[in-house]
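These are the structures, in structure tokens.
After this come two complexes, each holding chain A, first together with chain B and then together with chain C.
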Partner chain A sequence: MKPRKVLIVDDEPHVIRVLRLTLEREGYRVETANDGNEALEKMAGYAPDVLISDIQMDGMDGRTLCRTARRRYPLRSFLILVMTSMTAMDERDWVRELSDIEFLEKPLSPRQLVARLARYCFAPPGDLEIDHAG
Partner chain B sequence: MPDKALADIDFTKYGRWLRRLTGTDYEMAVCNASGAPVWHSHAAGDLPAWLQQLVAHGFRWHCSGDGMQRHDADDATLLYAPIHCQTGALGFVTVRAEGTSTVPAAWDTLAETLEDVCAGIVAEHAMKSELNAMADELSERYEELHLVYAIDRQVRAMKPGGDLFESLLKSWAVQMNADVAAFVKPGDNLCVSATNLSSPIHNLDLVLVEMRGDLFRFANSSRQPIVINELADPRRAYIFTDLPFKILCCPVLDEKAVVAILVLVNHVTKPDFTNSDRKLGELLANQLSSLSRMYGMLAETNTFNEQMAASLIEAVEAKDPYTRGHSERVHHIAMQIGGAMKLPAQELDNLFWGSLLHDVGKIGIPDAVLCKPARLTRDEFTFIMVHPERSYEILRHIDRLKGAMPGARHHQEKFDGSGYPHGLAGNDIPLNARIIAVADTYDSITSSRAYRAGRSHEAALLEIERCAGTQLDPAIVAVFREICLTEPEWLQRFSIQREAVAPAAQQQRAAGD
Partner chain C sequence: MKNNRFGIVLIASALLVITLVVGLVLRRQQAVYAAQIRLQGLEVTRSLTALPFALLAPKAGEPSILHSLLVYDENPDFGYAAVSAPDGTTLAEVRSPGAVVPTKALPTGTASLFGERMIESPRGERKIREFYGPVMDGGNLKAFVRIGYFGPSQLFAVQDLPFFALLALAMFLLVPLIYFTGKREMAPLGAIVRQLQSMAGGTAAHVPVAAYDVRCLADALHRYLEIATARIRELEQGSARTLASGRLLEYGSNKMNAVLQCLPDGLLILDPSGEVTFANSKIEPLLGVAIDEVLSNPLDAWCEDADLKMLLSRYRSDGPETSRQLKIEFTPTKVPDKRLWATALPLVGGSGRMAFGALIVLRDATREHLGQQAGNDFVAHVSHELKSPLNVIAMYSEMLQGARAGDEQLRVEAANVIQDEVERMNSLVGNLLNVSKLEMGSMSPECHRVKLDELLRDAFSHALPLAESKSVRLDIQVPREMAAVSIDKDLFRIALNNLLNNAIKYSESGGSVSLIADEDEHDIVITVRDGGIGISQEDQARVFEKFYRVSEGDENRRGGHGLGLYLASQIVGLHHGRLTLQSEPGRGSAFSIHLKRMPALMQGANVL
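Coming up: the complex of A and B.
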């Protein structure tokens, strides 16, 4: 199976390092960006299967990035995972308008991220067959 | 794994380094420990292919010492230096030179430069390994923090009586991507489990029985975390025999005795349980255990409160056998009214204790008055009128019942202000007291006394309706009427007498339904 591509966007290098290491070990091809602008530049030449983004970033923030990415690439199918602190419940509102987007609570559980990505990217072969047939 | 060690190093700068120091544009390649090229300097060059050919023809990367090595092939000479780190060879830096039988002077500089390049690569690799190790460590800390935050959030959001343990286990099973999570604490009579099945477990009940039984006993004697991943693990002779699952079992120790275990169970297809799983397990096991201890103490305190109240009530009711069960009945009916009025939790709690203990002051009434089977004289009635104030005087010693006291103290006040002890009227009478008054009136009418038999539910209802606005709060009477329309369960429970309902009325009710 072709390795799935994940784009991680965060301005905290330690978060990027932990996630990159975790996901590369699981066989994902990981690209990273430090803010929304850099992420959009990368997405111009590269279609990730999953976009993982922080919200609060210098430069373009996660809110704008997610909206822009969805609007700019309506035909690409990719999952968006937004990282937010457990206390920032009000962040839950703006994402309702976007499709295929979920929350990850910070501090992130790398384990849960791996499990979530596996469900999204590697649904049991049977399911994939059905998907292709459909 | 060593072959992947060089994968995330960018060698371009080492290529530049070599070129600048030697002043020669050598074709350079870096090979991993197996001798396979991982990087080369001249994109169009055939150095990697040439190296592979050499290896195919028996070249074995022989090294004497750490310095530059020389291998003369038919068409050219390979100069190479091993990249040595503490754990062994990471690979080789190689340069191809013209075949020559002598040692050109330029090779001295080249040898020194290759050594420097190797040392640089070793240092960079060490730094990257260290960073990765730190990232791993950080990753585990994230995991722990995530778990701790999740526990904290759930504990804070828990509702009284909600199944906290089950929801904690459920979220833990999800977080750990485990099929089953269970917590067993025999001392607190606690055995909770939650599932997050990746595929069905047909004998789940057996698995749970095994945890409560043999696994707990095993943990109890070993007092160590138990991790069993392999199917061939010899401990399977004692635990999880014929149950082909991976298990992680974390004991909770209290004074060297195992008081509880936390267990995770996985299908064999899942990854092995790791050390970090074990650490997280211990963290949660300790949290659950102290929560359970807290719950135990809370339950104990509640039981103590109820038993103290029961003793007090027993003391009152012992004085007058005819009032046996009165407090309990008034309490039950008052709580029904309070519930129907959707009182807030704190008010319901006050009503709970106020209604249960409203007559405690009767302890102060002489038996001759309390049990007199005839009409009371004015003086005797004065004794009776003192009892709500006595209830207050007795209960005020208990801080916990501060909110409950007004209900008990004023349950004999009348809505029109003609009651006792303070002659309060209307909404000046505390709400709980007005509720208790309705329940109290109902029970006095329907239960038997020394001087008369108890009357029917219907008679009581008529009497209460009649007193609405004079003795009783009409708003609460209205709530009581609504409850009575639902044929409340207490009619059976307290064996309340009924009057034969007129067929017409019955039909009317049926039509009303």
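Coming up: the complex of A and C.
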């Protein structure tokens, strides 16, 4: 089976390092980017199955990245996971317009992330229902 | 009494006038009569003298012409007519009954032989007025014609009595006329007197006055004037007092007005009907509405802020709020960058209810609002700053739990990262506490004389591990002997550490950071220079602001927390120094602390 592709976008090198280590160990193909702009550049030649992004980043932030990625690649099917430390509900409103998007709350548990990705990537096709955030 | 006296005087004077008039009329009558007699006498004398002597004095037994001429004279005062020889001998005569022709010699030597004379009656009766003229005969004086009249017998004749009576009556009738006219004319005086008395007030009012005349009026007027003078004096004193207290009041009012105008808050005073009767000058900048407009227009016309309008309209006397105070916060429509607090307080009277309208105090709460906002931002910011290292720590620790036994490299890495992040959090918390102390004003530097070179070397060695971990070369250029300075060692170390950590953080791997100290006769300059990314021109201006973070592009330069430089500049400021920055993007930055040298006199003091 072809390894699933993940793009991790964060300006925190340690986060990228841990996630990369964890996911690669689980057999994912991991690409990383430091901000939205770099992520979009990467996406031009690399169609990830999952996009994991932080929100607050210098350069292009996570919100813009998610909107742009969905708009730019409407035909690609990929899950977006947004890492946020903001738990207030109004901080999550912006995702209503987007499909296939979920929140991951900081502090992030790599184990939970692995479990979540497993559900998404290796579930039978009928179970591909994503419970929307909010 | 007075009326009577007036009547008596009037009657007496009327009688006097009547007597006078009657007397004058009588005299006139007599004068006219005398003139008549004289005319008659003279005429008769002349006409008789023109007759021939023989006719006048005929022989005895013949009737004289005198008879025919004068016997019918109707004048009751006619005495006699005679022709006398110059020596007085009577030649012929006619007499009225009872009259005697006096034998008095006539004057002969006079130029004119005509004349008149008064002769005393021989019997002591009435005087006789005699007219005479010469009778000439051939140029010789033959005789005299003499005509005598009796003087007037009584002052007025009985037949004149009705005339005089009527005259007197006519004049006497004037008395009641004058009396009543006078009374009538004086009646208003009574009213005036009463009025004066009532105006004068006091005791004069109840002195009963039977009749009112001019004297009474004068008295009343006099009394009134006295009272009025006294009253005027009182009033003048009162007016002086009023003036003085008025001035005092005006002064007080002006002072109060100045106080109200000087208050830092905007004030509006509403009358009980809810209209603005006073507005101080602060209203204009706060609401963006001219004072005149506020004072001259109704509330609806000038107030565009719905919240404020609602608040003001609650404080009419018929409104719902007459005893409570209310406070609202709003942003004025015309000054959108401000935030105002409006507090409405009813101006209560003795009853505890609103009596004089309401006082509205408008306070510029922009600072507080911004402060609150900044506080919220601060909390959000700090929690984010704390959560980021926590996130990393959590992830590494979880990874450690799942690490396989032989994965020594990962274990070391995790331990290092966790330690770094703890350090980062620790420094953030430390800086936060310091900033908080600084802003509360509780951070007062305890300055002692400090050997600066030692302090700098200490800071240098403290920063070395960080520099080494980032492969940044750190060097120090400090003179061996530096002048002592008076600083708070602990605070100053925080500032130095922040500058050094910053410089290292923003340096490329393999770059260098220098800690340089220099002194001249006035200043000591401590510079932290790096060859890092530098700071753009627009960021340089704001880099000392709290929570300001320069926009970074590079992955390994994770942002600081925006407190380090702020704290450093505040600490340097506490030491009366300056923190300056010279930087060029791509070429590096140099932060310099400028301190004043201690006065030479103090150089000898003990150095800690």
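FYI, the second predicted complex is superposed on the first by the 119 of 134 C-alpha atoms of A that agree within 3 Å, B and C clash if a C-alpha of one lies under 4 Å from a C-alpha of the other, contacts with A are read in each partner's own complex, and residues count from 1 in each chain.
By definition in this document, a contact is a pair of C-beta atoms (placed from the backbone, for glycine too) under 8 Å apart; a residue touches a chain by one contact, two chains touch by 3 or more.
Because the structure is a prediction, the values reported are computed rather than measured.
Shared-chain residue A:Leu40: touches no atom of chain B or chain C.
In the superposed model, A:Cys121 lies in contact with neither chain B nor chain C.
Residue contacts after overlaying the shared chain place A:Leu21 against chain B and chain C alike. Contacts of A:Ile55 after superposition: neither chain B nor chain C is touched.
By the touch criterion defined above, A:Arg111 reaches both chain B and chain C.
Of the two partner chains, chain C is the only one touched by A:Asp11; chain B is not.
Once the two complexes are laid over each other on the shared chain, residue contacts for A:Cys66 go to neither chain B nor chain C.
Set side by side, chain B and chain C differ in how many residues of chain A they touch, and the one touching more is C. Overlap of the chain B and chain C interfaces on chain A comprises residues 14, 17-18, 21-22, 86, 107-111.
Residues of chain A touching chain B in their complex: 14, 17-18, 21-22, 86, 105, 107-112, 114-115.
Listed in rising order, the residues of chain A touching chain C in the complex are 11-15, 17-19, 21-22, 34, 56, 58-59, 85-86, 106-111. Residues of chain B that touch chain A in their complex: 131-132, 135-136, 138-139, 141-143, 145-147, 149-150, 153, 174-177. Of all the residues in chain C, the ones that touch chain A in their complex are 383-384, 387-388, 390-396, 398-399, 402, 410, 413, 417, 421, 551-553, 555-556, 558-559.
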